[in-house]
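What follows is a set of notes on a single structure, which appears directly below.
Per-chain residue numbering starts at 1, and chain names A, B, C, D, E and F are given in the order in which the chains are listed.
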Amino acid sequence: MRLPHDPAPRGKDVVVIGAPYDGGTSYRPGARFGPQQIRCESGLIHGVGIDRGPGVFDLIEVVDAGDINLTPFNQHIAITTAQEHLSALLADNSAFLMLGGDHSLTLSALRAVHGRHGPVAVLHLDAHSDTNPAMIGGEFHHGTPFRHAIDEGLVQADAMVQLGIRGHNPKPDSLDYARGHGVRVVTADEFAELGVRGAADLIRERLGDRPVYVSVDIDVFDPAFAPGTGTPAPGGPTSREVLALLRTVGELNPVGFDVMEVSPLYDHAGITSVLATEVGAELLYQYARAHHPKNTEEEE
Amino acid sequence: MRLPHDPAPRGKDVVVIGAPYDGGTSYRPGARFGPQQIRCESGLIHGVGIDRGPGVFDLIEVVDAGDINLTPFNQHIAITTAQEHLSALLADNSAFLMLGGDHSLTLSALRAVHGRHGPVAVLHLDAHSDTNPAMIGGEFHHGTPFRHAIDEGLVQADAMVQLGIRGHNPKPDSLDYARGHGVRVVTADEFAELGVRGAADLIRERLGDRPVYVSVDIDVFDPAFAPGTGTPAPGGPTSREVLALLRTVGELNPVGFDVMEVSPLYDHAGITSVLATEVGAELLYQYARAHHPKNTEEEE
Amino acid sequence: MRLPHDPAPRGKDVVVIGAPYDGGTSYRPGARFGPQQIRCESGLIHGVGIDRGPGVFDLIEVVDAGDINLTPFNQHIAITTAQEHLSALLADNSAFLMLGGDHSLTLSALRAVHGRHGPVAVLHLDAHSDTNPAMIGGEFHHGTPFRHAIDEGLVQADAMVQLGIRGHNPKPDSLDYARGHGVRVVTADEFAELGVRGAADLIRERLGDRPVYVSVDIDVFDPAFAPGTGTPAPGGPTSREVLALLRTVGELNPVGFDVMEVSPLYDHAGITSVLATEVGAELLYQYARAHHPKNTEEEE
Amino acid sequence: MRLPHDPAPRGKDVVVIGAPYDGGTSYRPGARFGPQQIRCESGLIHGVGIDRGPGVFDLIEVVDAGDINLTPFNQHIAITTAQEHLSALLADNSAFLMLGGDHSLTLSALRAVHGRHGPVAVLHLDAHSDTNPAMIGGEFHHGTPFRHAIDEGLVQADAMVQLGIRGHNPKPDSLDYARGHGVRVVTADEFAELGVRGAADLIRERLGDRPVYVSVDIDVFDPAFAPGTGTPAPGGPTSREVLALLRTVGELNPVGFDVMEVSPLYDHAGITSVLATEVGAELLYQYARAHHPKNTEEEE
Amino acid sequence: MRLPHDPAPRGKDVVVIGAPYDGGTSYRPGARFGPQQIRCESGLIHGVGIDRGPGVFDLIEVVDAGDINLTPFNQHIAITTAQEHLSALLADNSAFLMLGGDHSLTLSALRAVHGRHGPVAVLHLDAHSDTNPAMIGGEFHHGTPFRHAIDEGLVQADAMVQLGIRGHNPKPDSLDYARGHGVRVVTADEFAELGVRGAADLIRERLGDRPVYVSVDIDVFDPAFAPGTGTPAPGGPTSREVLALLRTVGELNPVGFDVMEVSPLYDHAGITSVLATEVGAELLYQYARAHHPKNTEEEE
Amino acid sequence: MRLPHDPAPRGKDVVVIGAPYDGGTSYRPGARFGPQQIRCESGLIHGVGIDRGPGVFDLIEVVDAGDINLTPFNQHIAITTAQEHLSALLADNSAFLMLGGDHSLTLSALRAVHGRHGPVAVLHLDAHSDTNPAMIGGEFHHGTPFRHAIDEGLVQADAMVQLGIRGHNPKPDSLDYARGHGVRVVTADEFAELGVRGAADLIRERLGDRPVYVSVDIDVFDPAFAPGTGTPAPGGPTSREVLALLRTVGELNPVGFDVMEVSPLYDHAGITSVLATEVGAELLYQYARAHHPKNTEEEE
């Protein structure tokens, strides 16, 4: 992930782009420093995964386009700025991997992706459904992006899987909204029962070969594995389980990615940033696997 | 858990009560700040559990009665003060949830509960058996509460399960004492083998429908999940496993609760306090489930 | 582990020896303070393991010989100094347990052990294979010890198991080197599939009753369990899994041990040091089990 | 400062009120948790100042009215909500002490104070002048409150002293604006040259007996004394110097107070919160001194 | 301060002795780990002071006698155990330097010193007077040692100077008690006015050549310089000022020393422990200066 | 300091260059991450200094050339690599500002500067003289650079001032060496007596208009102001004093700069990195002042 820096990339396979913003955060702030810290820790990542033949950077072209310049003060402006920036990247490149930043910006990403691919399938790993209603003064807070996305027709809700969901939601709650629109919600406990292979099968069955956007809220991991985040939720899966699941993303048709909600202010040993880097690197490799199958076929 | 504050509650279902004290701590101090920190982090908890129908606060009446005023300097005075305070709460309300504070205060709790219910069954989640003998000058240190409780006849030792026990105890040790009095000790490894369902069955079989006091030492969790505690013990269960087990407490007849040994001084990202809040919220919901079954029946 | 201090031990079963050095560290430093911090946290350890009859210190004689005086500035001098010190210990005692310090010093240990036992089998728990080539100016960095050891004929490579390996290694990589020499590499994912018993069987089959050196890099644990280390690698096993595996070491013929790569600078709650202490204590007990089987037979 | 809690106070001398908000923060967030943390640390404060006769709480009536409920998402709403809340307090009580929260809310305070007292004098202790222009999407960011206040006629700019100012401002800068409106800017270096007594004289001369609002940005202290803040500026005064200066506030005619910009996320040992508590307690005492001179006359 | 270890020293000039205890702490605990952490950080200290001729360890014999074994649970037992241990040291050696541990143990020290020297003069550097009355259950809490010492006739109160006092004490307060017995109280502000030389003169005038016990509570320093302590008090002197004052102790007749109240739990960068080490090393040098004047005369 | 990035600058006034290396560190490591962290915190710096007319970046051309690629493993290679890199920069640009990294690299800088300017005067701000002899295996450790520089004839020792020196050095010590070669040593205490203006006069008198290299070890500040460093030394000057002194550097003839020994691992609130940024920014401004006097003349 010590990628070549290119603020105006053209013709790349995946552009890594930082989104330093936490203006949508309801509880613990700090995700505005997420991209910076992920880059600091990414010195640990030299390639992607053991026993995989060539490295990801031999398979696809990836650059780091730096950070989007986002106001911390106004959600409307931030959401729009991010969307325009991401749309511009997609005009000249195949895909992006956004490093957050709070989850509200996934709406920007989905708008940009929709502009290129139309309504997409979604694989959403998170402790929270993020299909809550807007609040007064907070139309685009970080609990809302997928509700907006469904309402705006950016995604195919019945080709959407949310995995890792847990926590506290008295009825009626945001899960009713998601399920009511056809989203398949896999709770953290259900993921534990299904196992990685069972979950991967369920996802592939649901999403098929539709273009799929993959959004990873770092709080999908139990707080032991990712303490550095704004709304930690105990009872989540381990890093081994989620990373194993991400290794199956290449069986899908991924067209865009994000890794969100890393708050370095709660990440004293940097393990959250290291984990986010690993997630990002894995997603890049899966993109290569999905779209350059010849080059990676020797893997299995 | 941003509960209504009521320093002199009457007629409530469960009273949350802080016990800011670590005068019984043998190793790392700091549990005196546990209640304060748990309250700070409880802003994350809005309800209890997904897919459960109405919220817990629609089912039962819960208030926060603040903290017991406890001297850090004298174990006898502290144990007695806490017991009197808790007894007074039980005179006017149905049950309490004590937030510790070190584990020695569970003796106070069991004395108070015994005063209302007679000898009770116990579900004790902990890395340590806490059935050690007193020490010179430390009659009520935090490794002794259940030995005192057995000796004083406060509990039905053969209706007592200790789960999560691990660590280092050359023979003869405190487990001999516990087992010698009929306590069923489930080690951390045995819990892993039994699984959540197996452990829940074992517990229900042992405790039946007796009134049961549930005591959770936060160090029952592996230190990865709960670093903020005084005597962390590696090799413990995950948050998912313990929380899943707690979700079966409503199948029993719970009459009192505590969550002990949270030391914020070792909890830099607050994940221990967040987890303790979750444990507390789950226990409240299980109380509702056990005692207001109609209201929660739509859950399963 | 508050062991009797003896800077010049003779006739002991196991000598605990600190190696405060991180001159071979490529990324995050701080392992130079590992031994100091492990000793600080070892107040938690009073014996070894529950349900095991007598304590380890009733079975074997163990002393703490303090720290080796190692320059932080020159790898050649440090490696040689450590080897001479360890060789001297082995001349007068049966075995040592080295507390690191970075992993490069395991080369010193293997040279010393080879001097007494000839080529030994190896059980190596680590996220990384540590069979990388030397670098200019860094002939003995912490990614190289097992390559040097194989090249120098210190170990029986076909009686060597590396377990917990994971992370990012584009081909061709250091695993090719290890496997090419007959090393059995068990990745973190394969360990999860095998389970503790399966892995223990595989190890015993491979190593038989050969003299075996056991080297534990604390980063074999997932960073959630051991954040305080220099090159944390997400996706690793839990403390329960690794500790359970270590409990089978007594079925082998262990002749030396190390616990390496603890960096207190990233260990704010001390859980890594506590875990390292537990690993060390378990290894001592397994040594007793292996070499004093009568005394421990009542265990199972 | 463990004050009686009264969410709807009437007839009090000073009402302490929390403003948990950092939606105006440009750099490091976290001031939203300032009031909570200041209350946690205030257990250290039992009275106010040595050698002063009776305690402050024997002289004036002070209560803690809890926190204003502020959206983190929208500056306009937050500023207005805070102002309405503070105006309501002033309708029923003599003065307030606001605990921030970021400095943008001082605009709310000055609007409320203006509503009761008309244009007031200001003593503003800060590393920054906070007379910057608004930004697109951030009309009320934390660098703007005194510019808005001057523009809105809430303050008498020529009876305004800013003390502690330092840092980096290429010309033309916000100081031009302040000075252009008659504000007396005392830089950190000038404060060092004047000494406490010289500065106090300058302030009294400038402000006379006009009603004065005292606003303390915790970053007026050098970061060594107050690391827990959003925009730390090296080269500031010591705690002794600023506290000594605050002890002269009772020579003025204070009508309102705030202590702003405490961010616990950067305050690992809590010394910033402890200092903020001390500042607040001192301001309360100075209010008593100014308005109840008989009771405190034995002091000198 | 990496001194030779000698658990049973005889004939030494000064014996360094740890007192790991915080059973007298009213607010923030952790001083029980003070001695351990001071020893960890003392690797920084190679000698004592620049431009001073020979090193202190060439002038006097100093050993480290390890820690006193103190129960955390019972103040009476702890105070007595410490006193007996210190008395035994004084029976065989000239003086001790106690590393705390909370300040209540200074009573033990004064009892031991009184046993050898009769009533002594005292130089007491602290933010707090520590002449408070006992509390129920806390007869020997850390705010009481000098009141007990005066009441027990261990010290010559009119040859006692307390320097650095500050903070919050509504009248009547503990200063009345101290002054009423003839103690000279130099507040932090008065120290700033006097300057180092003025304060040193005042002290020498007051104490003359009486045997003097020097007790340094680390909280005499402003919290910026010593955050790692239990009751930090803003507005204190700098490290330069206090260290300069300590350099005049050799003009007195010192017979014993302590450095108390270091709590590593609040000392994330270790600067408090480093400062405590410096204070201790300076006191050792001053002892040499006072009692071996020939050897150090070339200094000035 | 969010400077334009230019890895191969030509014709610039000052090139900022990172030196991520701590292979010369004797005690606390971590300076290898200094440049990275300083860049992270530099978002706080928008210009340089108040009341100064145009900003520094309007006066001189400054770019950030990124980091030198330095092995952590071999002092000889690192020192040589850094020197070659810096010499290459000086071939094409006027001056550099090196961000360390440990102080041993100042030898590289002085070699490079000597290659362009011949023997230079030196202003060296530090707690330590850094004129110690080499150690076995550590010829270029961080306590040696100025001894090597004097021995190699890179500097004019009699036009060298070391300021801030303090700490523990039994005689004979490194100060003898420095003074013996004509270096003027101003101890921390002497700096306090001289005051900023006195010290500045002393420096200007000594250095005159010779080309001067300015080296700032961040540990010149008291640890309260700069905890994030490897060998903190209590009793140092404040940030206000040192920054005020640096503001006089423009009266000299500066030709190169460094800011060394920032270790983020001990800098939890980032105040050391912020201070280092301020020091660097001030040095840039002073370069402009010295070499573009017309542009800055309106300042005074």
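Some points to look at:
As a convention for this text, a residue touches a chain if its C-beta (ideal position, glycine included) is under 8 Å from a C-beta of that chain, and two chains touch if they have at least 3 such contacts.
Per UniProt, the chains are A, B, C, D, E, F = Proclavaminate amidinohydrolase.
From a predicted model like this one, the values you see are computed outputs, not experimental measurements.
Chains that touch both subunit B and subunit F are the following: A, C, D, E. Shared contact partners of subunit B and subunit D, listed by label: A, E.
Equivalent interface to A-C within the set D-F, B-D or B-E: D-F (over half of contact pairs identical by residue number). Chain centres here are Cα averages; for subunit B and subunit C they lie 37 Å apart. Separating the CA-averaged centres of subunit A and subunit F is a span of 43 Å. In whole angstrom, the spacing between the mean C-alpha positions of subunit A and subunit D is 41. Each of the following residues of subunit A touches two or more other chains: 222, 224-225, 238, 266, 268. By the document's touch criterion, interfaces exist between A-B, A-C, A-D, A-F, B-C, B-D, B-E, C-E, C-F, D-E, D-F, E-F. Listed in rising order, the residues of subunit A touching subunit C in the complex are 43-56, 58, 222, 224-225, 238-240, 243-244, 268-271, 274-275, 278, 281. Of all residues in subunit C, those touching subunit E in their complex are 5, 33, 36, 40, 268.
Within the complex, the subunit E residues that touch subunit B are 22-26, 29-30, 32, 71-78, 135-138, 141, 265-266. Against subunit D, the residues of subunit E that register as touching in their complex are 27, 165-171, 173, 175, 187-189, 192, 222-225, 227-228, 231-238, 266-268.
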